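Pasting in a structure now, in structure tokens, and then I'll have a few things to ask.
Residue numbering begins at 1 within each chain, and the chains themselves are lettered A, B, C and D in the order written.
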Amino acid sequence: MPSSEMLHVFQPTVEVPELNEWLALLSSRGADSSLMWLGATPVIVTTETATIPAPPRLARPVVTVPSGDGVRLGRRELRPEGTVVSIGPAKIGDGSVAIFAGPCAVESSEQMEDVARAVAGRGVVGLRGGAFKPRTSPYSFQGLKWSGLEMLEEVRLKTGLPILTEVVDTRHVASVAEVADALQIGARNMQNFELLREVGAAGRPVVLKRGFGCTVDEVLGAAEYILATGNDQVILCERGIRTFEQATRFTLDISAVALFKQRSHLPVMVDPSHSTGLPKLVEPVALAAVAAGADALLVDVHTQPEKALCDGAQALRPSGFRELVGRLEMLALGLGRNVSVVVDVDVRDAPVAQSA
Amino acid sequence: MPSSEMLHVFQPTVEVPELNEWLALLSSRGADSSLMWLGATPVIVTTETATIPAPPRLARPVVTVPSGDGVRLGRRELRPEGTVVSIGPAKIGDGSVAIFAGPCAVESSEQMEDVARAVAGRGVVGLRGGAFKPRTSPYSFQGLKWSGLEMLEEVRLKTGLPILTEVVDTRHVASVAEVADALQIGARNMQNFELLREVGAAGRPVVLKRGFGCTVDEVLGAAEYILATGNDQVILCERGIRTFEQATRFTLDISAVALFKQRSHLPVMVDPSHSTGLPKLVEPVALAAVAAGADALLVDVHTQPEKALCDGAQALRPSGFRELVGRLEMLALGLGRNVSVVVDVDVRDAPVAQSA
Amino acid sequence: MPSSEMLHVFQPTVEVPELNEWLALLSSRGADSSLMWLGATPVIVTTETATIPAPPRLARPVVTVPSGDGVRLGRRELRPEGTVVSIGPAKIGDGSVAIFAGPCAVESSEQMEDVARAVAGRGVVGLRGGAFKPRTSPYSFQGLKWSGLEMLEEVRLKTGLPILTEVVDTRHVASVAEVADALQIGARNMQNFELLREVGAAGRPVVLKRGFGCTVDEVLGAAEYILATGNDQVILCERGIRTFEQATRFTLDISAVALFKQRSHLPVMVDPSHSTGLPKLVEPVALAAVAAGADALLVDVHTQPEKALCDGAQALRPSGFRELVGRLEMLALGLGRNVSVVVDVDVRDAPVAQSA
Amino acid sequence: MPSSEMLHVFQPTVEVPELNEWLALLSSRGADSSLMWLGATPVIVTTETATIPAPPRLARPVVTVPSGDGVRLGRRELRPEGTVVSIGPAKIGDGSVAIFAGPCAVESSEQMEDVARAVAGRGVVGLRGGAFKPRTSPYSFQGLKWSGLEMLEEVRLKTGLPILTEVVDTRHVASVAEVADALQIGARNMQNFELLREVGAAGRPVVLKRGFGCTVDEVLGAAEYILATGNDQVILCERGIRTFEQATRFTLDISAVALFKQRSHLPVMVDPSHSTGLPKLVEPVALAAVAAGADALLVDVHTQPEKALCDGAQALRPSGFRELVGRLEMLALGLGRNVSVVVDVDVRDAPVAQSA
């Protein structure tokens, strides 16, 4: 990429012929320029760094900023008010605190329904659950795959909760996108750039988990692969990095939460479960994440953590989850925010699981 | 240390002869035992792990727990209600949020007084400032040393604010302890065990900063060196660890804040300034620290950061500091806590510095 | 995977019906068992940990070891003499030191030919060069892709040097495997498990680069994904991990080289160029790697590093490369080894590039 | 320190009055200047960066280089031929490979003598052994302290082997320096700057171990504290850094070995025992260290590792040590070097310990 380039952001109402005039104008001055889209917002990227004497009839850019570090569409300056991502009826990034909860892996229809009923209407906006599980060893449980996906679809029909699930192969994207309300890119695939491009093009909201060996700059670069497809429905998820400290599974980088908010307009999610690996740390770390500015939380909840096929050790029980939500509601008050709930979740006939 | 040993905690009112009887009893059973003091609280450490049939007239322990990992007196179980550390009139660990602020290094009497007046009465309980500065290069500013200490004494007399300052050599401890209300062990000296012993014996409260290459377990081990001298006035300070992430100066380990609170009864301080190295991150990280359970904050404040002799780049201006305190007060409400102030600070004639 | 299982290694000459008898025998005892292949060597994995009273006519296993840590086929005990990987005429793992050299990215036919002629016959066994380049930003040079692959094919035809090149998408594997003599899995894709499976099934030798945030155990786990497809032609490549030290691009983990050799039978390659990022460190680190037991080196060489489109800063010039080979030859003598050359490389009409 | 300054290195034969003339000349031009000593070599540091029109009768500097990064006397350019450090009769940095061996901690006179006899005359130039042991917990074995020091003195008298031992407190330096041939600064005290100054002033050779959380730049800065006292007998010791990788105790930074040699004129030692924590890795890592350019090795050897009071798990037995020396001798041949031996070690009556 050129070491020096400018970004001109136009109103979404500016029409393409007018943008093409701008491109022609820049081209006539010898500049390399192109039209990109931050969702519905046109952005012209150009190597021309001087002010351009354009005819008065042409619409002016509303924001003009230099690009840099390989990040264009994700820069905070392009959308200072922040991006709101819609996952089903839920809004992430609107100032509220949005909680996604569920088990690490889909294990059975019963398990998913139990968890969904235990969390629905109690402060969650979506259900998480992995059908495809990337595992260190090929001999570990790899997820229920396509049948797990069917179970997710089923539980969504029953509860109305939007589904967030991981996709691991470019060849699966279209099929997973048919079922999932939002697609998760796991930490191990954060720099699987072909997958990022494919997921961006699928048009679904994307939760991009930070690679545990990747920097803040690299997260923003990875997000840019998705944004460059025209899909601006991206959530950055801090889930801890690898450090020498082994008292927790990973080291949650709380400063990164604030940096993501300051450098990018994308909403930020935090995963206190996978980062700490310890249920007793989920609450304090979740509170800290929200205090640092996180828009959303991703919390492992299982009705029987001791029987979980994957990462059960770190899951909260439903009772612990409800305590967490109570604490978050109080904290949100102190921050002038509130905890989101999905209003149309169907939990009329949902007795709370007795196991909690 | 033995791999298996028990700790018996007695009421502070139990007299030494009675404790000696216990020791004799344990000795008669072939156990290695010793009497330690967690402040005024007697603790008997013994290799006897079975229940001891003691005569009824002997006072029973109020808590009996296994030791382990080289930590005895610092274990949470020994004092479940937590330790309150008194620094001048301030109480750290009583549920309130206590803020220490000031410049990284003492530069002049005027500078210290300016900063002190800018922060006194506005949410701080103590003034920080280094007279002895450990620096990577011998050719960098090393602090004003003894004259810096005199300036700290002077500013305390003028403002009534307690002073927290670093000590770097076993040979300095007695002299520094005469001036300082609390002694700081810097990150680079966290495992300078001779210094820890000497500082413990000086009888002043100690702020123990985590070494940037040290684990949570090692912090607890270092604290134990101080506690073992009979001094229980120890505050653990999380100030970031070294990781591959270079977007911030260090990576603040927010999970460690919660772990310290859960494993130890000692109050926990967080330094959002040195850990991030970026003024714009001080507020979100400070809020996160308090949400995670921190009892105290250590904040770099300078009236003229651009002229600071040491680490100015990360200091807040007084105006930024006051905004931070405002946000902290709101957050504390949501957590059912409050921000401490030192009530007898003399700021009657203290006009706020105009530079802010 | 079961927490306890045994591996029985048989002679490659043992026929499948006989192995099936073993499986039936184990099944009759209630054990879960399966037949796997370490290349041509049959391995029975079973949950039966007791010695099995088999009929004398059945061939006995030559090695029986417990499995563990999610690693089966990669364990050193299964092939104590080590695996030799053949890439074109080159043998990796036969005790010699095998050097692969070339530019980070394929830039043009001329560039590839220049480099190839500069290194051919002077101690290399293969040519490296990336046609598909995973880059942090979508706006950086992404490689010449399919046309780069054509250039690699061309230079192989001209020089006879085997080609090692990276593959980044499951959908590309078959096509890349038609051209490449060996497939490289880049650090960012080390835990792209779908890609590992696909690459394993393609039947080409694989160079598996360690993810910069991944542990030794995770590298062995990733190799297992490839081995489990029946492909035993896998080389583990240490290329540095992310640490707080920024004087080098990554921190080469020299102990991991020895650990890989001790725990696994697979040959080990080291990349001194990408790990250090500094040409002046390539020689000492390459010598260290070989002294620690590395079977192969992967060295960035460019005839005009200052004009490289990707990572030029770390490339050796041909003259520096030849000095390195000279030093390696002397070192190898001291270790009782030698530096491999590909004997049938056609460099009759290959004048050394004058730029060196 | 000033951001821009020059270093002028003079011949050791240049007399002080002549150097004072230079200082006066620089002062007359308004420059801040001072005279420092790299051992016997005068170095003038000055803020004057222009060439100075000095009278022809004044001796010229033999080297003139810019300073920077807080490092002056340690810069390679000041002594391109490298510094040779003398520890007893041993020379470190003269191109040979010098091995120091011994137990982690002094445990008894018998133990020290056993180890000394097992290694003396078999490739070592000095004996290591800690009398003062910094330990994570105050309840762990802290070394035999002063009586351990007496045992070290005793074993030196009996065997003639020079003694390398750690010093941990500024108040101990003079006493330890009376016994030890070389003083070790442990990793935990690398940035205990008061200790560095005191040790420098003691006039003994110093082995400066890298802090496990410290950068290459910080090691060079720490060395500068010692050099600035006029003591140029400093050895830099790489002993591994803390990283996420837990397969080894620390991650030996092999690139740092080469960087130290390139940036500094000081000899470099490597500790393969403490860095890996695994006896089976000591040999490959030691070989790698020497291949990367290390001048010396520090190897844990114990006649009964299983009974060691401290870090026994990582010690080689004498038999393993002798194998290592044999491999090192072969490797050194390939590098055109040789393994040093102390010629006047008195081992006439030293039967090799039978335990090996």
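Going forward, a residue touches a chain if its C-beta (ideal position, glycine included) is under 8 Å from a C-beta of that chain, and two chains touch if they have at least 3 such contacts.
Worth saying up front: this structure is predicted, and the values here are computed from it rather than measured.
C-beta contact counts were set side by side for B-C and A-C; A-C has more. With centres computed as the average of Cα coordinates, no chain lies farther from chain A than D. Our note on geometry: chain A versus chain C, Cα centroid distance of 35 Å, whole angstroms.
One finds 50 Å separating the Cα centroids of chain B and chain C. Multi-chain contact residues of chain B (touching two or more other chains): 213, 217, 241-244, 246.
Arrangement of the chains shown, judged by which pairs touch: all-to-all, with no pair of chains left without contact. By the touch criterion given at the top, residues 242-244, 246 of chain C touch chain B in their complex.
Of all the residues in chain D, the ones that touch chain B in their complex are 1, 69-72, 134-140, 168-171, 188-189, 191-195, 197, 211-214, 217-218, 221-222, 224-225, 228, 241-242.
If you check the complex, the residues on chain B that touch chain A are 213, 215-217, 241, 243-248, 251-259, 261-262, 275-276, 280-281, 284-285, 287-293, 330-336.
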